[in-house]
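Both of the next two complexes hold chain A, though its partner changes from chain B to chain C.
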Partner chain A sequence: MPISPAHIRIDRFLVSKGNSSYRQALNQETIVLAVTALIFLAAAVGLPGFIAPENLVAIVRSVSVLGILALGMGIVIIGRGIDLSAVAIMAMSVAWYLQLLNDGMSDGLAFAYVLALVLAIGAVNGFLAAYAEVPAIFVTLASGSFVFGFVRSQVISQDAVPVPPGNWVEVFGGFRLLDIPVEVFVFAVLALLTAFFLRFTKWGRYVYYAGDNPVAARNIGIPVRPMMVLRYVLSAVIAFVAGLLTAASLHSINTRVVNSTLLYDIILVAVIGGIGLSGGKGGVRNVLVGAALIGIMLNAMTIIDIPLIYQNLIKSTILLFAVIADGVLNPRDEQTAQQGDI
Partner chain B sequence: MDAAARDAAAAQPVIRLEQITKAYRGVPAVKNVDFELRRGEIHALLGENGAGKSTLTKIIAGAVEATSGTMMHNGRTVAYASPSEALDAGIAMVFQETSLVPSMTVAQNLYLGSEKFLNRLRGITISAQQFLQSLNFPVDPTALVETLGAAKRQMVEIARAVHHNAEVIIFDEPTATLTPEEKRHFFALIRRLKAAGVSIVFISHALEEALLIADRITVLRDGELVSTGETAGYNREKIIAAMVGRTLSGELYRQRNPGDIRPAGRRVLSVQDISMGKMVRNNSFSVFEGQITGVFGLIGSGRTETFKVIAGIHKRDFLRGGTIELDDKPVRYVVPREAVKDGIVYVTEDRKTEGIFETMGIAENLFSGLLAGGHEKSAIVSMKEMHALAREWTGTLAIRAINDNARVVELSGGNQQKVVIGKGLVERPRIVIFDEPTRGVDVGAIVEIHQIINRLADEGLAVVVISSYLPEILNLSDRILVCRQGRIVEEFSPSEATEEKIMYAAVH
Partner chain C sequence: MKLLRTIALAASMAVAGLMAMPAGAQDAGPDIYRKALEGKRIVLVPMAMGFDLAQGWTAILQREVKAFGGVLETRDPNWSTEAGAQAITEVISSDPKPDVLVVMSFDLNSYSKLLKKAQEAGIYVLLIDNPANFKADAYLGSDWTQLGRLEAEAAIKGCGDNSSKKIGLVQGDQVNATSLFQYAGIMDVLDKHPDFKVVAKPDSNWDATTSRNVTTTMLQQNPDICAIIDFWDGDATGAAAAIRDAKLEDKVFLVTTGGGEKASCDKIADGTFGAVVMTNLGQESYNMVTMIKYLLQSGQKPGTASPYIYTLLHATTKENMRPDSCWDLKALQAMANE
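Up next, the complex of A and B:
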């Protein structure tokens, strides 16, 4: 037994660093969940009609498009990137698709055509961020503006493009099961798929490794750059789905949404739930928590009839509160911020 | 009455700590330490990683607030709330990770925080020039800090401390990144500071240095002060025994028996004339199976870069880049992934920035190797498999943690290093390149890591160990290569090699 000192050090380890890993710290996700529950309870008690099943379904429906977009954003942010082109891709791809349909192109052909474009935009985003090493924030800002400008000026003539009557998009939007609208199902299915991808597939795990430490991931042999391209492609496809769903429920797509605060709401949903912008942290659960908070809050504020401008104020205050609470409850001291030596 | 007289006569200590305790989340990092720093002495603070050296000195320097206990500075009880407050009072700390601003010039860094309201670049450059000259530091004040090597950064740090007229200067592992030549300069400087009446606290892992330069030595273990006294009363064995609470003499860094040297197996890697920019120039050598090839070189000699080229992390020059042959077949890797698939794994010298995944636990860190290495064929990942893998490897490598979900950043340096090694070994490599495998690792873990490395060579792998610590090279290698100015310049067999010979080859 040449390494008897081992035993001494085990004891020491148990004494000095034992319980910190066991203790489930009060993190941002749990804080936001608690706040959500509080608001929910308050609204259930104080607001007439809030707790009614139809209203609860309406809440989920109202955040489903936002939530779907936040799933795509979440995948990108976990991989230490950001996708500011999501809303532009969502609105403009569908606007183009509907325009092609209105011009008389067949369903299948138009769909294939637009899907190819969506994949291409995602691939270009990913390629520029991964291989040309342009910061993702600039790449996607530029590609978002380009997509919006190009489609708005060259393809469509008005802000809104209607769904042709009787088209499958319209039928799809009218689908109900047990009085639950189709948006809720799509959101649920996509959330499950994303969760499965991130947690249980090899490529999903690569997202976390690359987001946590890209250099270490590269050195260990993870294909960091191809995976980055994949993330932007996924985000673009998810945005396309969200756009189709919007068109399905509203029977048209209004491209002015690109210049609304929707993009910031997406990032808000992802970040407020606890997906760290520094990468490697969070998952679908965090998106769901964030979406629940925003959905319940918006619904309650609408019932109380708070003007839109105040709603934004309240949303941002809550985001700040969540981030500050996380910082106070989980301070980064030398113990966690520095390696080895204390 | 005697006591009072003695106190006055003994030129009261500059710093006196009484019963200092610091706890993180209720866990003490420093426990009831009494510490005394006398005027104009060099005081070495020794201990394993996690012994509380850094915490103790940070308390003195105002970077960390003590949970309890008192600190006296020149006889007055003080509690500095921030490093700048302590600096104003004459206590400066030179940190392990340098606290310079990389994008600023040397002069700007020297005057950082003490700029006048109207700050003239030319003015501070000139006075910085004069000041650096007065210290005999060959540093260009207009150079950007990011372009400087480790030694020169250290000089700037020291100059900054001296510039503030500090009467106490704390050095946290100052010599870890210095070459032997630079170390000599550094020690000469420390002695000059001492002669000028400055008191110096000196944290180090290198015991020889402490024995060489310190007037007094204090040893910490598990946050407690276990031994303190004049340097004359100490030797290596006594310090190590105090540090680890056991005697370890002979286990670490013994000279090798000629009979133990492993013969070279099949040649797996043959490198001819590879070049990469200015760092690697026409470098040629071979690596064999079943033995440890030690590579010694000073910082900046291109040893790390050479092996990063081999592992696919850097790309060699496209034209006249030379050839690398693996099993007599030429290879040219664009990304590390290709090298990993061919069985070449590089274990980094810088585990914090390119080794560990810091938001993750031990299991996930180890699992990254399996997922990346192509041995996990299925696209679906099983958490059960991950934990089984973690159990197996924490056992094999003796990684000590409460469970395999423990976050890697919360582990000691030695255990972190084992995780980084394990992550590479999970990929089942044929060639393992260890770059400074025991940097920032405590004594007990060094022994274990050396055992792991030896075991790999015994199992028939081709092992490369890059180190700038001579005893480590002499102790591990079956073959010693010396790197200088971007190429291997000499090869020794361990039976003929001595520290002097190797150093001579590395410097001249």
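Up next, the complex of A and C:
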């Protein structure tokens, strides 16, 4: 059989990328990116005003809090964990902070208290998962419920806590540069910081080793347990920032968000973008791709004025399609199966 | 002799009268009232305890029920239909059974069977604020269709004749009766004003962030919208944020609805909300009290009649706002705890 140029190209591709890499070239991230691009193009052509700069900014803004939370979740998932307390920490820490301010405490003191609490919850999550070796899914489920229940019943009297007028949180939320809202900048900065941490710092690289094979990581001397604590602390702090941003924009925080589907949306953004739940895979880019898909989809459907129930149906169908495509293109082998999905 | 007899009779009558005075003035009412109401157990199951309406109802009921010697208990489903259903199931089978169940339903159907069971068990059921497909012993709350009409009228007035006459809606969801009936009421009015058009009607799912996002999109698509109706003041803060971000505070008239707590009036005063269609919480709560007192003395079987006791609704704006337009939760709670 004569060798065609196409064959040579594929061959080179395989050689350069190692085995089965044409499959990896079509991994979930690429698929989701392609779907996102398709929807974007269709919307840009078909929907008036979709491509307008203000609308594009609005899209990024609409997913920035979700994206920020997904960054924290991403770090934890790459290290083969999960943080189900993220939304509770986000809402309740800020609710407590605002309650302290409304009760007349000074800004600095209230902030210090709440930050200490946030660090403590993250540390407890991490300690129980790392040292007591309780599965993270249970630890964080319990701690999230505890944080919600405690703050809701003991600290605040209503679901929604308003930002005191003129407080820095309100001023912060009104900040614009070139008409771009502050959330977009915070999302961008946190994405860069997270990418830098995961890619260029020693402890960031260790996250992948620990997530890919914790036993081997420990054998070569990586401090696996303290690092796990660090990841949950980071996730908690990121959740606090996301909560502050929400309050800054809405001038109040509504703790009802803890009961919403936000937590699943966060995991969805991380996983749909290609951060495998089995750990050790993915990065900030995957979060950005996942967030872009969700943001563009929701925005386009709102412009078309599709009712919410159909929006959920369409959203879930597209997500299901992406997951199935990933399952077909990247079948599970013995190694990944043994790693134990969540 | 006759005179003497008359005097004697008169004297004895006077004495008897004097003696009988306390007996004759004895009102049977308090005894009947006390017997019927004392020790009765009232259970309130709202959608959640953490919002203004539920806390307002509780404060007033607490005070009144305590005064007639009954017991008020509350359950907090915290916005979860399942938790609410569980609470009601538990209440029905508890011993002793409650005498009156006051329920705020999540949607038209979820609780219907459970509440029927409660009535069969001899418990009076009052539905409050959210209508449901169920013959309660009374429905107390708003006529949501009328509420929608008032919102639409406020929006039309807010827009004025020389406006774009474009209205945007931020609905709640597609299952809650309050959302469906509000929409029907709004459309009812807009049908009579064919020059006014609804240009978009996304759902917020009662969430402020979603409300902000859909309103942002709506305003970008239709920058000349003159009024937005958001179906609940709990998430209308999101629509307000979107309007503020688009710098359209002076051009878009925001209409919403709520329980009329002080926070709403503050937002009308500072211009965040153009109009809020408010239910009279005090009246609504005292209607509940009246129904409870009536039912417990009526001797009728639960489910005998199911009247609708609508509370008067009012579109409050900056122009017609009075110092007593809103109620203050803190003051109400202080009163209940006296």
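Assume the second predicted complex is superposed on the first by the 306 of 342 C-alpha atoms of A that agree within 3 Å, B and C clash if a C-alpha of one lies under 4 Å from a C-alpha of the other, contacts with A are read in each partner's own complex, and residues count from 1 in each chain.
Simple rule for what comes next: a residue touches a chain if its C-beta (ideal position, glycine included) is under 8 Å from a C-beta of that chain, and two chains touch if they have at least 3 such contacts.
This structure is a prediction, so every number in the text was calculated from the model and none was measured.
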item	value
Which superposed partner A:Y206 touches (first chain B, second chain C, both, neither)	first
Which superposed partner A:S316 touches (first chain B, second chain C, both, neither)	neither
First, second, both or neither for A:R218, with chain B first and chain C second	first
When both partners are placed on the shared chain, which of chain B and chain C touches more of chain A	B
Which superposed partner A:S106 touches (first chain B, second chain C, both, neither)	neither
Which superposed partner A:G280 touches (first chain B, second chain C, both, neither)	first
Partner chain(s) touched by A:L250 [first = chain B, second = chain C, both, neither]	second
Contact footprint of chain C on chain A as seen in their complex	48-49, 52, 54-55, 58, 61-62, 65, 152, 157-160, 162, 181, 246, 249-252, 254-257, 259-260, 298-299, 302-303, 305, 307-309
Complex contact set, residues of chain B against chain A	24-25, 27, 29, 49-50, 52-55, 58, 64, 96-97, 222, 244-246, 248, 251, 311, 313, 335-337, 339-341, 346, 348, 351-361, 364, 367-369, 371-374, 376, 378-382, 398, 400-403, 405-407, 409-414, 416, 423-424, 427, 440, 444, 447-448, 451
Complex contacts: residues of chain C adjacent to chain A	48, 50-52, 55, 78-80, 173-174, 200-203, 205-209, 212-214, 216-218, 220-221, 234, 237-238, 241, 245, 263
Chain B-touching residues of chain A, taken from the complex the two chains share	2-6, 8-10, 12-18, 20-22, 199-206, 208-209, 212-213, 215-223, 225, 280-281, 333-342
